[in-house]
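Only one structure is covered here, and it is reproduced in the block below.
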Amino acid sequence: MSSLARLRPLAIPALAVLSAFIVGSVFLIFTDIPALQVLFAGRPVDFLTTAFGNVVHAYVALLTGAFGDPPRFAEAIQQGTPQAWATAVRPLSETLVAATPLIFTGLAIAVSFRSGVFNIGGDGQFVLGALGATATALLLRGFPAPITLLASLVAGIVFGAAWGFIPGFLKARTGAHEVITTIMLNYVALQIVQLALRTDFMRPPKGSEPISQVIDFVRVPALLPLPGLRLHWGFVVALIVAAMVSYFLFRTTKGFELRSAGLNLTAARYAGMSAGGSIILAMVVSGALAGLGGAFQVLGTVTQMSNDIDAGYGWTAIALSLLGGNRPSGVIIAAILFGALNNGGHEMQIETAIPLDLLVFIQALVIMFVAAPDLVRQIYRLRPKSAEPGAPASEGAAA
Amino acid sequence: MRLELREITKQFPGVLANDRISIAADRGKVLGLLGENGAGKTTLMNILSGLYRPDSGEILIDGTPRVFNDPAEAISAGIGMVHQHFMLVPVFDVVQSVALGAEPVTGAVRTFDRTTARARVVELSTQYGLDVDPDAKIENLPVGVRQRVEILKALYRKSDILVLDEPSAVLTPGETEELFTIIRGLAASGTTIIFITHKLNEVLEVADTITVLRRGRVAGTVLPSETNREELANLMVGRDVELTVTRGKAHPGEAVLEIKDVFVRNDRDEMAVRGANLEVHAGEIVAIAGVQGNGQTELVEAITGLRRVDSGHIRIAGATVDQAKPRKVSDLGVAHIPEDRMRDGLVKAMTVAENYILDSYHREPYSRGGRFDRTSIAREAQRGVDEFDIRTPSIETHVGNLSGGNQQKMIVAREFSRPVKLVVAAQPTRGLDVGSIEYIHKRIIEQRDAGAAILIVSTELDEVLALGDRVAVMFSGRIVGVLPSEQATKEAVGMLMGGVH
Amino acid sequence: MQVSKRLVALGATTAIIISACSGSSATTAPSAAASAAPTAAATAAASAAASAAASTAPSGAAASQNTNWVACVAFDTGGLGDKGFNDLAKKGLDEATAMGMTTHYSEAKGSTDYAANIQRLLDQGCQSIIAVGFNQQQAVQTAALANPKVDFGLVDSTWDPSGPDGKVGTADDIAQPANFTGLDFQIDQAAMLAGYLVGGWSKTGIMGTFGGQQFPGVTRFMDGYYAGIKYWDQEKGASVKLLGWDAVNQTGTFVNGDNPWGDAAKGESLASGFVDQGADVVGPVAGSTGNGSIKFMQSKGLWAIGVDTDQAISLPQYASAILTSAQKVIDAAVLDTFKANANGTAFAGGNYEGTLANGGVTISPFHDFDSQISADLKAGIDALKAKLIDGSVTVKDYLK
Amino acid sequence: MTATAAPVNGLVPAVSEAARRAQRSARIRGIVIAALGLIAFGLASGSMTTDVTFKFWLQQQGKAFAQVDTSPGELWILAGIATGVTGIWQLWRGAAVRWRLWLVLWLPFWVIAIMGHLLVGQTAVLTNLFSSSLEYAFPISMGAFAAMICERSGMFDIAVEGQMLVGACAASIAGSMALQWLGPDAGTIAGPIVGPTVAALSGMAIGLLMAWLAIRYHVDQIISGTVVNFGALGLTNFMYLRVLQTYTDYNTPPTIEKIQIPLLADVPVLGPIFFQGTPYMYIGWIVMVVLTYFIFRTRWGLRLRASGEYPQAAATVGINVIAIRYRAMLLAGAIAGFAGSYLSLHSAGSFQMNMSAGKGWIAIAAMIFGAWNPIGAFGAALVFGFADAAQQLLSITGVDIPPQFLASVPYIMTVIVVAGVVGRVRGPAMAGQPYEQG
C-alpha cells in the first residue's frame, strides 16, 4: 500500500473540516454588514475584497491564535529568554490546555458509543467530577499536596462514574432511553453545583458569590518549565488514559463485551454476555472519564470551581468522538483540532470581534460532513469506497 | 390477464440476480415458480411489484409492455402481491391494513372512510370465503389469517394477477390445503396466479405450468402432468440431489435435556409455551416440527437461558436451568445455533476471529486475567475457518461480508469448537443453498454420533423428517406428539402440526 | 492635594444631582456627575469638551486627555448580549473606541477562558484590561500581580486580599496592588430611593421583586428596595410590603433555570403572580426576563422599576409603566477607569466606588411620572438621598 | 390483561411465576399507597386548625374573586381518602388494577395538599398558577407535537430545540424587517404574520436538511439532530452578536399580545385561566385537536403511522415512504419553528441568545410521557408547566424551599417518568430506523 493510500482514511475528516470552514466563511461574508453596505452601494468589487479580506484576516488570526505567530517564534529564538519563549509557545500550549478536557470527555463519549449507549450526559458528569474534586481538595486542605491531589482526582472519577451509573442503571433495568435521562441529569447536575457553591464550605470568605475557594494548593504541576504557561500534566495523563481506553476496548474481555453489546446487543446476549451489565459498565466508565476530565480542569487549569467550569465539553465531545471515528487515537487528534479551533477563536475575536459562536457553528458543520461521508465524496467527486466483495447489496439479491 | 416477462435482467453489485428470465402466465392459470434460495425468485418478484426496475427486459400485460416505477404503478396495473414476510402493520386492524394505500376517503381533509372500507372487506371476505374479522388487530391474528388478510389486500385492489411468495412457509399442512383451495377458486374466477416456492410437492399440486429458476436463469418450463419430483429437483439444483441425509442408527444414551411442564411467556407477556414436556437423550436427534409461532422460539430461548421459565423445569445434564443465565447454560456444554443468525448469532461489524470467540472469549486460552491472548485467538479462529471450510479472505474480514452459508458455518464452527453435550439448533439451514444445507446437516449428525444430544427446531418438514431420530411436533405451546422416525410420515406429522391428534 | 480636589468635585457633583432631581434637565446630569469625580482629579475643565460618546456619558474630557491607549474588556460567559452589566461595559468600551482609544474585547465560554483571555489581551498589547463578573476575580488578581505595568479592573467586585490560605486577615494576605481597580457600585443606595418611591406610590401597599439568579450583584438591588420600603414604613408609620425578597433571611424569588436572564414569558408570569398577590409595582432584577414583567405591568396599567440603565429610555415602548430605574452607570465607570488609567491617575482607595454621592449609581428621572409624583414624595426622596450621601442613613440598618 | 394464563384445552395452568411476581408487586404497591394514605391522615391531624385560602379571579385580574377557605388538614384528608381508597382497591384487586391510570386519580390530591401545606396561613391566588401552566405548556407541547409527527413517520427528531431557536431568531428578524420595510402602520399588522410564517419556514428548512441527511446520506438521526442543535445555537448566537446586537432595528419585531376571546373570556373563574392568553395558546390547542384527528382518522395519518410502524408494508402497497417522511419532517419543522416564534414575538419582543433554553428537550420528554399521542403530550407539557408555575407561586408567597431543588423537579420528574411510568408505552416501532427504498 502506498503512503498516499494510507492517508485515504484521513481524506474525509480533512475535507469535512475544509468544507465547514468554507461554509463558515460564507456566513461571515453575508453577515458582514459594513461590507454588504458597500455592495448595496453598487461597488461589488470593493465588497468582495473587503469581505474576503475580513475572512482571511479572521482565519489567519484563528491560525496564529491556535498555533502561534511565526514572528514571535523568531523573536524567541533571537532573544532566547524564557519569557519570549513562553509568549511564542503560549498559543500552542493553550491549544493543548483546551484539548485536555476534550480528550477526557471525548474518550467518555467514544466508550459509550462503542458500547451502543448514547451518553449525552458528558456535561453533567464533567461538572460533578469537578465538584467532587474541589470538595475533596477543600476537605483535605492541609494534608500533603500529593495525597490531596490524588484523592481529589479519585473523587472526580467517583462522582462522574456515579452520575454515569444512574442513566446506565435505568436503561438496563427499565429501558429508559439514555438520551433523555442523561440530558435531564445534566440539568440536575448544574443545579447541584449551584447548590453546592452556595454553601459556606465551598465559598470564599469574602462576598457571597456562588464560586468556590481557590484550590491552587493542590495544583497539578505544569508541564513546561516556562513562565505563565498553563499546560499541565493532565494533558499527559489524558494521553495515557487514551492509551488505556484503547487497550481496554480492544485487548480485554470487558472491552470486547462492551463492543459486542454496542454492535449487536442481541447477539451479545445470545453469547452469554450480560446486556444490562454492559450498559451499566459503559456508562460508569464513560462517566468516570468525564469526571476525571472535570477533576483535572479544576485541579490543573482553573483552580476554582464555578458555574462556568463547563464550556459545553460534553456536547463538543459528541462531535469530536464522531470525528475521531470513536477511536481513542482519533479522539486525541480531534480534541486537539477542536482545542485549536476554540483557542484560535478567542484570538480571532480579540483581533476581529467576530463572535466565538462561529466556531460552534463550524464544529456542527464538521460533524455533519463527517457523519455524511457520501456527501463529502459527492462534493469533491471522490471515488466511493470500493464495494466489499460478496456484500449483499440488498436483501433482495440474496433471497 | 396474461402476464409475460421477457428477458428480464437485474444486476446487483457482485451478483447477477436475474439473467434474461422469461416467464408467462395466462389468465385464470397458476404459474408455479420453483427455485431454491438465491435462485432469483424474490428479485423477480420485486421487479414485478415495482420495487426494483430491471436493467433490461420488459413486462407485458395482455401483450402491452408496461414499466413500473414504483409499487403504486404495479398495483394499478393489476398486480397484487402476497409477500413471504407479511406486509401488515401489527398495530393496525384488518380494515386499516387492507385499505392502506387504497383508502376510500371523504371530505376535504381526506378522512379515512372506514365504513366503506369495512363494508368492502366484509363483502370480499364473504365472496371468497376468507372468513376474516374486519375489526381484529393484526398482531392478535394467527398467521394463517394474516395471510388471508394479505390476499384480501390484493383482492381489494382488484388485482387480476396475484403473486404469492412462499405462501406456505408459515402454514400448517392443513392451512396450506385451505390456501390451495382459495387459489384454485381465485384462478377459476379469472385471476392469474404466480406461485413462488421451493417446495416441489406444492407446485406439482397446484400449478398449471411450472417454471424452474436456477442461479438467476430459467432452468426449464414444464407441465406438472409431464414431470415428477426428481426431474424438478434436478432442474432446480442442477444435479442429482439426495433429498435425504444418510445417517446411521441412533444410539440414545441418558437424558441430557429434560423439559417438564414448562410455561414460558413471549415479549408481549402472553403464555407462548404452555406446559411443554420433552426429553432429549445423548446420541439422538430430536427434531421439533411445527408451524412458526407455536412457541418454538420461546422454548429454545428458555432452554438456552435467554428467557425465564415461568413455571416448570428445564434440566440440562442434570442441572436445573429454569432461571439460569445464557452464560451458565453455555458452560454446561450447550451449543446454540440461533434462529436468526444475523440478529442473534453474529456481530456483523466484527471480524471472523472476534465472532469466532464471541461466546467463549472469557475462557482460556483466549483470555488470561481479563486480557486477550491475540495469538491464541488467531490460531483457534484460523483452525475453525480451515476445519469448517469457511470461505473468507482472512480472519480479519468482517463477518457481514461473508455469504449466508459461510456465516452459518461460522456459527456452527464456533458452537462446535467447545466440548458439546447438547446442541440446540433453530432453523439451522434457513435460507441456505443446498451445498451448505448438506454440509451443516452432516456436521450435526457427526455431533450426534460423537454422543451429543441434539435438539433441532425447524419449520421445514423435509428437514425435520430427514434429521430427526424422533420427531416432536409443537402446537399452540405444547408438544402434541413425539414420533419415532419410522412412524414420522409427512401426513402424520402434518396432522399434528395442524393441531389434529 | 489630590484629596482636596476630589472633595471639591464631590461637592459640585452633589449640587448637580440635587438640582437634577429637583426637576431640571434631568437626562444627562447623573452620568455627567458619574464622570465628574474621576475626571475632576485631572482638571475641572469644561464638561462640554469634545467627546464622541456624548449621548449618555458626556465625560469631562480635557484637552490633556490621553487617547493613545489600548483599552480592553474581558467578558464573562454568556456576557455579551445580557442586556445588563456586560452590555453596559461594552458600551463603555465602545465609547472608548469612539474617543480614539484602541480597543479589544474577549468573551469567555467557560471558566478556563478567564485567565487565558486576559493573557491573550495582554499579548495583544492591552494597557488596561477590565474584566466583568465576579467569576473572573481570581484570574484578574493573578494577572494584576504578574503584570504590574498593566492596569486591571474588575466590574462588580473589589480586591480579595485573602492569600493562599483562603482566609482574610491572616499573615499571608495580599494587599491590593496599585494597578488594580475594583469597580463597585452601591446600587442598594439607589434601589433604596426607588423602594422609598414605591412606598409612597403604591396604591395597594405591596411591591414585588425578583432576581434572575441569587448573585450579590442582584440581591443588592433587592436589599435596596427592601430598605427603602422599610424606611418609608418607619417614616410614615405605614405597612408597605415587599414580596419576593426577604432581606433578613436573604431568600426570595429567582428565575433560575436555564434561561434566568432572557425568559420574558416567565417575567410576565411572575409579574402576574405578584399582581395576584396584590402588588401594583414590580421591580425585576433579571435582565431581559424583567422586560416581560414591565410589559405585563404596563398592560395592566400598573408600574415597574427599571434596573441597570434608565429603562424608560432603553425600552421606550414601556416608558408609560416605568416609574424610575435604579441605575448603575457601568458604562461611564468603565470609560472613566480607562481614562484614569490612560492619564496615570487613580481613584481614591484604588477602587471606583459608584455611589449616590458621585452619581455612579442613581435613580433615573421620572419622565412621564414627573408630574404625577407629589412634591412631598419627591422631597422625601431627596431627603433620603441626602442622608444616604452624608451617611446618616445606611442601607444596612434597614435590612433587619 | 389478566395475570393468569388463559386455560388451554381444559387444562388448568399452574399459576405462573410471572403472575406471582406481578401479584406480589401489586400487593407491595397497595401497601405503599395505603400507607401514604395513612401518612396523609397523620399530616391532617396536625394541621386542621390552620388556614389556607385559595382565590380565583372571576373575570379580571385584581377584581372580583371566588374564594375557597380551607385548611391543610382538610386537603390532607381528601388526599388521604383518595390515596386510601386507591390503596385498598389495589390490595383487593391485586395485579388487575391499572395502577398508572389510578395514579392520575390520587396524585393530584397530594399535589394540592402539599401546596396547601406549604402555603399555610396565606391567601394564594391560583388563577395565575393555572394560566401560567397553560402558557408554559405551549412551547413544550408544540415541540412535543413536532417530535411526535417525526416519530410517527419513523424519523427521530431530537432537533426540536434547535428548530425552536432558529424559529425564534428568524421570527424576530423577519418581523422586524416587515416593520422596517412596511412602516409602522402596515408593519405592525404584517409583522405578527410574517414573523411566525418565516419562523415556520426556517424550521421547515432545518427539517428538510435533517431529512435529507438521514434519508439521502444515511446519517444517524440522533447525530443529525445533535448537529442541528449544536449548529442552531452557534448560528443564532453568531447572528445575534454579529448583526442583531449592533443593528437593533432588526431585532425589534412587533409583538403578539394576549387577547381575550369574546364571551369565553368572561366566564367566571375559567375565563381568566383559559381564554385570556396569547393567540399562540389557542393555536396550540387547535393544533392538538387537528393533529389528533389527522393522525388517527385521516388517510394521511394512516399512511404516516404505517411508515413509522412498518415502512416496507407501506411501500409495497404503493405508498411513498420517503415522501411521507420528508413531509413529516417539514411539518414538524414548521410546528417547531412556529413554536420558536412564540419565544421572541410574544413576551420578549426580541431575539435573545439561547432563548429556547432546553424547552425542546422537555418537549421530547413530554412526547414520550404522553405516549406519542397529541392529547397525552399536551397533558404532559401541562404537568411540566405546572411544576414551573407552582415553583413561582411558592417563591412569590415566600415559601422557602431551595430554588435549586425546585428547579430540578421537572428534570427529575422526567427521569422518573421515562424510567418508570413510560416503561410499557410503545412508540412507533421503526422510529429512527433508516428505511431504504428499493
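Going by the order they are written in, the chains are A, B, C and D; count residues from 1 in each one.
One rule holds for everything that comes next: a contact is a pair of C-beta atoms (placed from the backbone, for glycine too) under 8 Å apart; a residue touches a chain by one contact, two chains touch by 3 or more.
Note that the structure is predicted; figures quoted are calculated from it, not measured.
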item: Pair sharing more residue contacts (C-beta pairs) when A-D is set against A-B; value: A-D
item: Interchain centroid distance [CA atoms averaged], chain B/chain C, Å; value: 78
item: Averaged-CA centre spacing for the pair chain D and chain A, given as whole angstrom; value: 32
item: Averaged-CA centre spacing for the pair chain B and chain A, given as whole angstrom; value: 47
item: Centre-of-Cα separation between chain D and chain C, whole angstrom; value: 39
item: Interface hub residues of chain C, defined as touching at least two other chains; value: 80, 214, 256, 258
item: Residues of chain A engaged with two or more neighbouring chains; value: 187, 194, 198, 355, 394
item: Shared-contact residues (touching 2 or more other chains) in chain D; value: 240-241, 358, 404, 407
item: Touching chain combinations (by label order); value: A-B, A-C, A-D, B-D, C-D
item: Sites on chain A touched by chain B in the complex; value: 251-254, 256-257, 259-260, 263-264, 266-274, 387-394, 396-399
item: Residues of chain D that touch chain C when the two form their complex; value: 55, 57, 61-62, 123-125, 127-129, 131-132, 135-136, 240-241, 245, 257-258, 342-343, 346-350, 352-355, 357-358, 388-389, 392-393, 395-398, 400, 403-404, 407
item: Residue ranges of chain B in contact with chain D within the complex; value: 46, 49-53, 70-76, 81, 83, 85-92, 96, 99-103, 105, 109-112, 153, 261, 263, 265, 269, 271, 274-275, 308-312, 476-478
item: Chain B - residues contacting chain A, complex; value: 12-15, 17, 37-38, 41-43, 46, 51-52, 304-306, 325-327, 329-330, 336, 338, 343-350, 354, 358-359, 361-362, 366-367, 370-372, 374, 393, 398, 400-404, 431
item: Complex interface listing, chain C residues touching chain D; value: 78, 80-81, 83, 208, 210, 214, 243-244, 246, 249, 251-254, 256-259, 262-270, 272-277, 288, 291-292, 295, 299-300, 317
